[in-house]
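Two complexes, one shared chain (chain A), two partners (chain B, chain C).
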Partner chain A sequence: MMGEFGSVYVTLKLAFASTFGLMVIAVPLAWWLANTRNRIKPVIEALTTLPLVLPPTVFGFYLLILFSPEFPIGSFWVRVTGETLAFSFAGILMATVLHSLPFVVQPLQNAFESVGKGALEAAATLGARPLDAFRSVAVPLARRGFLTAAVLGFAHSVGEFGVILMVGGNIPDRTRVISIDIYTSVETLDYAKAHILSAGTLVFSFIALLSLYIINRGWRGRVQGL
Partner chain B sequence: MRKSAWWRRVSRAVSTLCLQLLLMIAVSSHPAAATLQSAYVAVASNFILVAEELKAEFESAHPYQLTLLTGSTGRLYAQIYHGAPFDVFLAADQLRPSLLAEQGKAVPGKRFTYAVGRMALWSDRETGEGITEILSDPAILRIAVANPELAPFGKAAVESLAAVGLLDKVRGKLVFAENVGQAFAFVSTGNADAGFVSLAQIQATPNLKGKSVHIIPSDLHQPIRQDAVLLAGAEENAAAVAFFEFLRTPAAQSVITAFGYERISHDG
Partner chain C sequence: MLKLDIGIQFPGFRLDISEELSGGLETVLFGPSGAGKSTCLRILAGLETRAKGRILFNDEVWQDSGNGMFVPPHHRAATLVFQDGRLFPHMNVAANLRYGITRSRGRSGIDWDEICKSLDLFPLLERRTQNLSGGERQRVAIGRALLAAPKLLLLDEPLSALDSARRNEILFNLRGLINRHQIPVIFVSHQTDQLLRIGSTALHISRGKVIGRDWPGRREKRFTLSAQVSGRHPDGLAICSIGGDSVLAVAPAPVEVGDKVQLSFDVNDLILAFSNPGGVMAAGSFQGVVQSIRMTSGTGGCRMRISCDGGEFSIHHPVELPRTDAKGPEIHVFSARPARVVVIGEDPNRIADTDMAE
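This part shows the complex of A and B:
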């Protein structure tokens, strides 16, 4: 038992894991979106942006159905892990990654697009293989995009609420995140706890965004100074 | 030229729409329109299906309109405490209505027990097994209960688990729903293998998806006496007062008992 503030631990664990998962999925996806001329590009773009406009309840409802052992994904998960996907940490992680995807893909895609073909072609003429060019040219040039994507992904995961309310099951130390803890505290009129958690989340989110803007400004200054 | 004519038409259409919207907002927020013959009834989740039926019966016999709102008793209590504009509160316990009366948020003396709730264990196990057998089955991975802090049915579920000596054994399997409605949904979608729900929810569900129902013996938990209160300010609202009194009538009581609630033994 983590005690009164177990939700802080669950939230941090969720945010780190989800940021990692998001970057693993979003970097190749954004790179492909930035470079492809494929006709299905708009379809993929629309799909990755959907979580930005859909109510979390739509997500929560469909995930609850998908996670159910009566459906293939849910029954596969029960067979492999012995627990249901709903009400598990893996379940809320999956939900959070899906729901935060646009916040990570979009800054990365913009950054990759602004790297431009020129720099990559120059690298290619100097003998760099595509993966090499990506690592030594595109990544450094797009580093602001990487930072923005990671910070937004992390912050959005910390703020995840509606989907987790529907599929989390509010289990202490496992799926009870800060946002749910605040909601329950307010409903049970435990304002002391609600205040501590809310103020903490507010200050944390502000500092995360402030650092992002300060670091991005520093980098821009240096690039202009060259 | 053509473009400006088109533009004029669009802007005229938009401004008409805006005016109509403003008018609608003005009319709907006018106090007379809202309080004259309609009432807001806050209903604990376990009772919502019964309340819908009562509402239909009430409205067919009276010139009034009811709007039902639902949630856990604890949440509705918090909303009323903070001034939610509800007229009648059908709670799932006696605690919150009596607190509201003490806090001056309810009309003094306008409180009675409208139903005694019965709980059921809904699970995908066979009907022949007992509750203890079902819940100690290792194949049961998740047991849904309503949040005991907010929902009287959740509190009764935890009491029942403690009474049969299983609480510590199954604690790791419990998933906490926001209210008994969500607990029902967790079992209904197959995400929880078993769940404590209200008997009324079971009675109102035509397709139980092959799941078995066990009525929890009422001596395993404190009786779920559900009190109704007339909320402060609603004594002037004819619709609210009429509905509050309607709940005591034999017609309403027979609907309530048909859903599996016990008869009221005494007035609170």
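This part shows the complex of A and C:
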């Protein structure tokens, strides 16, 4: 047992892991969306934005179905790990990544679009291969987008509630995150614990956003040479 | 040598160009804006993936749509200098200049100091790109492109943001660099620039087509040769020497004995003779060698290409030349009127920006 505040540990583990997973998926996806002229682009854009508008219960419900061993993903997971994806940490991690995707893809896509073709074309005619041009030109020019995406992805993972409740239940030290812990504490009239967790989350979120804006302001000044 | 047969289509615009550029180092694409000049450079650089056709540069195939071949821009040793410079805003000037060096695919031996000196970049190295003037940006962009050691340099209105004195100087130094390193250059210019005219091949582009292969208007009746000032004539004319022969020339700016100059001749002033008639009263005379004689279809005339110590020129003769007249390749050239000095020496500040059309 992790003790009374096992949910803090689960939440942090979930937030770091999902931020990493989000960046791995969202960077290529946002790059593709920013540069493609493919006809299916609007479909992909709509799909990635869907978690933003769907009630978490709807989103969580479908994931729960998808994770059940009757479906390929769920049965594959059972075969490989011997346990079900639903009500596991891996399950809530996957759910969190999918649910936070729009918060990470959109700032990255905007940043990549504002880098524009011009600088990348210049890099290419100077001999930079596409991956090299991406690393040496697109990433530094889009760094505000990267920071915004990572912070939003992390913060949204910390605040995840509905989807985790649907997919992961409320299993102490495995799927019980802070938001669910607060809910449970209030239900059991443990207001002291609810206060501590809520205040902690509030302060943490504020500091995260504050540092984001401070760092962004510094970068903007530098890029404009002021 | 560059061989291209390219086409591209946008809504309301179509470009079709089939050319073989094998002449000098410099080619100038000129024509009104929207004619397709920049698009042409973009196609050569490999930035227009929708372009169709073939591009052959020396023995490299850059594009051959028929065989589904398209070499991406980073594998073509062509560097494009964009009109707006497109410097990387997250790097300072020195880092921008260095960007191409480590990634150069072509030749080596283009020296940092040489480029920085020629383009006067030393004072800018530590500056951020955001507070450079338009002209400074263009100089950095040209330097960055040259340091990438291209085998073909593509310049899209590279001097448009420079004031005229600076422009002459930079163009002069740029020409020095491309001559020293033998880098073929294609310029795009919407103005039929006085200085670009000298020593370059022109392609006149309009609505996506090549409509002329020479400079337009009266000016194509003139050509330039290099000469050296050998003395002063009492009338105020300069006496210039081409291969030991003397040519009088009007010099709008003071010249000194020993100066290297570019002389502009009007073809209508010239009289040619296959053997020296002797005792000709002319403002100038020099000897040349006939390189080729080509009958011009339709007009009944012929076009001769003549080389001499000062360079090469071609002249149109309105009457068909009886072959018997051509005794040998040597030819004597007389100019009825003095030539004009258009560029003085190797000092860019002494360019006599003369209107060659008078």
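What we mean here is this: the second predicted complex is superposed on the first by the 225 of 226 C-alpha atoms of A that agree within 3 Å, B and C clash if a C-alpha of one lies under 4 Å from a C-alpha of the other, contacts with A are read in each partner's own complex, and residues count from 1 in each chain.
The definition used in the following text is that a residue touches a chain if its C-beta (ideal position, glycine included) is under 8 Å from a C-beta of that chain, and two chains touch if they have at least 3 such contacts.
Owing to the predicted nature of the structure, the values given are computational and were not obtained by experimental measurement.
**Student:** Quick check on the chain A-based superposition: chain B and chain C, clash or fit?
**Tutor:** On the shared chain A, the partners fit.
**Student:** Taking the superposition on A as described, I'd like to know which of chain B and chain C A:Ala119 touches: first, second, both or neither.
**Tutor:** Touch status of A:Ala119: second partner only.
**Student:** Could you tell me if A:Phe87 is touching chain B, chain C, both of them or neither one (first, second, both, neither)?
**Tutor:** first
**Student:** With both complexes superposed on chain A, which partner does A:Thr184 reach: first (chain B), second (chain C), both or neither?
**Tutor:** After superposing on A, A:Thr184 lies in contact with chain B but is clear of chain C.
**Student:** Once chain A of both complexes is superposed, is A:Leu212 in touch with chain B (first), chain C (second), both, or neither?
**Tutor:** The answer is neither, since A:Leu212 touches no partner chain.
**Student:** Where does A:Leu141 make contact in the superposed view: on chain B (first), on chain C (second), on both, or on neither?
**Tutor:** After superposing on A, A:Leu141 lies in contact with chain C but is clear of chain B.
**Student:** So, A:Pro69: does it touch chain B (first), chain C (second), both, or neither?
**Tutor:** Touch partner of A:Pro69: chain B, not chain C.
**Student:** Considering only touches as defined above, state whether A:Arg129 meets chain B (first), chain C (second), both or neither.
**Tutor:** second
**Student:** Compute the least Cα distance separating chain B from chain C in the superposition and give it as a whole number of Å.
**Tutor:** After superposing on chain A, chain B and chain C come no closer than 32 Å at C-alpha.
**Student:** Common interface residues of chain A with chain B and chain C?
**Tutor:** The overlap between the chain B and chain C interfaces on chain A is empty, containing no residue.
**Student:** Per the contact definition, I'd like the list of chain A residues that touch chain C in the complex.
**Tutor:** Result: residues 118-119, 121-130, 132-133, 136-137, 140-141, 223-225 of chain A touch chain C.
**Student:** Taking the complex as given, what residues does chain B use to touch chain A?
**Tutor:** Against chain A, the touching part of chain B is residues 72, 74-75, 78, 81, 141-142, 144, 147, 149-150, 174-178, 185-186, 189-192.
**Student:** Under the definition above, what is the set of chain C residues touching chain A in their complex?
**Tutor:** 45-47, 72-74, 78-80, 82, 84, 86-90, 99-100, 103-105, 128-131, 144-145, 148
**Student:** Show which residues of chain A lie in contact with chain B when the two form their complex.
**Tutor:** Result: residues 64-65, 67-70, 74, 78, 82-84, 86-87, 165, 167, 169-171, 184, 186-189 of chain A touch chain B.
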